[in-house]
Amino acid sequence: MTDRAAYFEFLCRMGDNTLVLGHRVSEWCGHAPILEEDIALANTALDLIGQTQMWLGLAGEVEGENRSADDLAMLRDAWDFRNCLLTEQPNGDFGQTMMRQFLFDVWHLAILRGLEQSSEPRVAEIAAKAVKEVQYHVERSGDTVISLGDGTLESHRRMQDALNLLWPYVGEMFVPDAVDAAMAEAGIAPELTSLRAAFDAHMGDVMAQATLTIPDSDFAHKGGKSGRQHSEHLGHILTQMQWLQRAYPGANW
Amino acid sequence: PEKLAAFQARIDAGEKIEPKDWMPAGYRKTLIRQMGQHAHSEIVGQLPEGNWITRAPTLERKAILLAKVQDEAGHGLYLYCGAETLGVTRDEMTEMLLDGRMKYSSIFNYPTLTWADMGAVGWLVDGAAIMNQVPLQRTSYGPYARAMVRICKEESFHQRQGYDIMMKMAKGTPAQKKMAQDALNRLWFPSLMMFGPSDAESTHSEQSMAWKIKMNTNDELRQKFVDQTVPQAEYLGLTVPDETLAWNEDKGGYDFAEPDWNEFFDVLRGNGPCNTERLAARNKAWDDGKWVRDGMLAHAEKRRIGKVAAE
Amino acid sequence: MTDRAAYFEFLCRMGDNTLVLGHRVSEWCGHAPILEEDIALANTALDLIGQTQMWLGLAGEVEGENRSADDLAMLRDAWDFRNCLLTEQPNGDFGQTMMRQFLFDVWHLAILRGLEQSSEPRVAEIAAKAVKEVQYHVERSGDTVISLGDGTLESHRRMQDALNLLWPYVGEMFVPDAVDAAMAEAGIAPELTSLRAAFDAHMGDVMAQATLTIPDSDFAHKGGKSGRQHSEHLGHILTQMQWLQRAYPGANW
Amino acid sequence: PEKLAAFQARIDAGEKIEPKDWMPAGYRKTLIRQMGQHAHSEIVGQLPEGNWITRAPTLERKAILLAKVQDEAGHGLYLYCGAETLGVTRDEMTEMLLDGRMKYSSIFNYPTLTWADMGAVGWLVDGAAIMNQVPLQRTSYGPYARAMVRICKEESFHQRQGYDIMMKMAKGTPAQKKMAQDALNRLWFPSLMMFGPSDAESTHSEQSMAWKIKMNTNDELRQKFVDQTVPQAEYLGLTVPDETLAWNEDKGGYDFAEPDWNEFFDVLRGNGPCNTERLAARNKAWDDGKWVRDGMLAHAEKRRIGKVAAE
């Protein structure tokens, strides 16, 4: 893999994570349990879609094949998506959505902070913008995990179920592959493994407050960020997300 | 009766009534109904647009639509807060929405079927809403008037965005133009219905106007809306689906066909294309969310007790 | 509207009804409450898709624009679909699915019996094939409505809810418009209104056995068979149904 | 022990054991496990294919896939009925599936990600299944052997249909060809795993073979499958994702790489890509369906009582 190809892959990973998670979060629109949560979820989705525009926009430039952020979002099939599996998992109940969000947010903030120091100024610039938004996301999702984990018996049970369900998707975000190695070497992105200790500390702290138990297993699903084997969910997401562009190719909207 | 006269005098003098001021029970009741209905409309109004968020054609359009729907939820929040100053809680109002005791704007009982509907909703529905709301910035109840100031600013932004979508569609491919025309065909009359039936048939109008809860007659606003919208449709190259539409030099406005008021009353009775789904969606959100609200409440309570104990 | 255009519309109505309902029923695959029901639902969906091939195949020939049944199924947008609103309603629970099926089946059998006498031999031929399958559908769905209506308190309540929810979609199938009038005049299809009495009798009989009460309202939703105003559901069905053909235009499968 | 010897003698003589015949507890238990697991595989196997029914590219393909999935449910039914002759009910077996006490074939814990997977499942997965099942037509337990005869006939039909899909894809557009290759890449090793680990590591094999519940070793069948499948892949113009694959003249078969048995055991432990979803889907179907089963039972009971009363 050339450096440029790896760089493109990496940018797709960043952009596809925010695209797919933003899509998932936007599915809540109008259906949240509390009005304030409807607003907050829409706000999160909005931030993520905005970040997608930046990451995939840059990805298209780096690729140099004249593909815009929209082309990348709307005209690739599932196998070309590079989001981690966590982001494409279904919303489930509100607790599952917020748990997914928190697990992602903590990783997301950590990598963005690393990317602020990127040797690529464009990357550092995007990261600096995104970090402000994600700081807020992680506070919010963390608070929600705490209050629902340490709420009623039922809310505790649901949050523990969500954590058990989603924990096996955490590992993928931290296990480096050739793309990650190339990025670290070029100083574009931080070493993924270097982020894990702080992640675990943050998790430990929040889950303790939430009275939730982190599963005692380091089993990790994989196949999302490499694109080798997404879950069945991604294909269904794309049928919606890409519908108009697929049905009316070449139109301006 | 003396109090009543003094109250009316304050209103006539253009003073704002504030939450702690004395007010007639009917004024309070009418305001709760009107503000609650308005708030519910913002909330239910998320659904037809939410229906296209996951299918928005570009990232930019998805972001704009998300922001819009978020604004609407925000408007709902201001309005509920405003209504709460009248001594009713948001949960009470929500439950009245969910069991059908309170209404929301009938327009949201129509489906959104193509992307052009996202344009038409912004252009026509928000356009009609603004027409209703601009005068309400001068309404007599302070919290309501202030909420309206904020809301109107955002709504007119939404309307421009909607018109911009329509423009893209109307100047786009033949299929897009067809979508735009189709959206106008379906949403024109329902938009006219948003102003309510002719005042002759409207029951509470007179008292509401004296109280400055209602600032214009339904027919005035509808005329104004038509006069504003028809040239916009022409500019888009779209045809308003009303063969009787004609400029009337004498009145300085358009003559136009009345909507089918039977349909309007049918929709009010619950027989609109989407009434059942809209209420079902809101009820499901509420029911499914109970454990969340309970959990958050329980946690807040634990915190409070923890703090008290620590003191 | 020319006779040919009306004939094309009519064939699309028949084919779109079976296509869309067949799609809905096929969504159950693997998720039914009893294994025998999984098999029966798949069988019903299969029959309906088979009928779709015949109706839309003929529609394409009548239209004379070289569109195959697949072209019609996979490349029209929602506004060109002519199925009645009943068929696109969501599955809901199993009771709702079976109630929708029964309401449709009774109408379907009645019109197919009329179509067996069609002045168009091709139509008569398709109807004769379909009638055998639909006879079985109506028996099955009727039996299910009876046993769940007259089952437990809960099953009764669910079936009554389903009937209340779906009854307003019955009227559309019987209210004739210009297309129906042209078809009746040409002897291609029976007068829709002439089918209603037998439908009501059949409904009355089965609902009585099911201890269910038919809503006392003749309000009827409309807009499906004319295509003027489908429900929001149809568009979502199409994002799935048409995905591959839209994403990979011109491929052979 | 005498009974046991007589039993073994009957089996050795090629007689079929029938439900009412005496049989050792271990024979019964092993058969229940094996037939139940086989039945569950048919049921769970509906899910990965069901995932594409609503996205089938043509009406014909949709019909074929529906018919196939329907057949699988039918196979499940035969096998449950067969297992029930051993004194266990379908509901008992279902509950053991749902709470994880009984297994189903690991292959169904892999996702179906493109339309080519519908081809590859038919070609490879049904192909491997047939390889397992054809010998079982001669198994010692009568009801099982007879179910297998019916099932094998349909399965080989499914396999041909799957191969036909692959052919269309492999000879199609570049994207289709890429889908076909991608499906083969993902499903090759999981298909090899379907025969189970090498017999050296397999615990129950020897007794099962003596009882003619198992007719061949896992390695024999796997070799046979590879030898059959590799030329088919070549004919399709696809590359088997195994760089070590080579014809071995001496053994008259292919040398090939073993699948990753750690992955296999991980999947068995519940860590396959889709274990959680598959079991969740089946549990949801069962739980959501309770009211239906209860309702039907209650109605049948009413009927029965009605008839008795009428007599």
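The chains carry the letters A, B, C and D, assigned in the order they are written, with residues numbered from 1 in each.
Going forward, a contact is a pair of C-beta atoms (placed from the backbone, for glycine too) under 8 Å apart; a residue touches a chain by one contact, two chains touch by 3 or more.
Protein identities per chain, from UniProt: A, C = 1,2-phenylacetyl-CoA epoxidase, subunit C.
None of the values given here were measured: they were computed from a predicted structure.
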Chain pair with more C-beta contacts, A-B versus B-C: A-B
Length of the line joining the C-alpha centres of chain A and chain D, rounded to whole Å: 36
Gap in Å, rounded to a whole number, between the CA centres of chain C and chain A: 42
Touching two or more other chains - residues of chain C: 77, 239-240, 243
Multi-partner residues of chain D (each touching 2 or more other chains): 55, 175
Chain-level touch network, classified as line, ring, star, complete or other: other
All pairs of touching chains, each written as two labels joined by a dash: A-B, A-C, A-D, B-C, C-D
In the complex with chain A, residue positions of chain C that touch it: 77, 236, 238-240, 242-243, 246-247, 249
Touching residues on chain B, where the partner in the complex is chain A: 43, 46-47, 49-50, 53-63, 66-67, 69-70, 73-74, 76-77, 80, 90, 115, 165, 168-169, 172-173, 175-176, 281, 284-286, 288-300, 302
Chain C - residues contacting chain B, complex: 77-79, 165, 168, 219, 221, 223, 228-232, 235, 239
Touching residues on chain B, where the partner in the complex is chain C: 48, 51, 55, 110-114, 175, 182, 186, 266, 271, 273-274, 276-277
Complex interface listing, chain C residues touching chain D: 19, 23, 26-27, 29-39, 42-43, 45-46, 49-50, 52-53, 56, 69-70, 73-74, 93-95, 146-148, 150-152, 154-156, 158, 240-241, 243-245, 248, 250-253
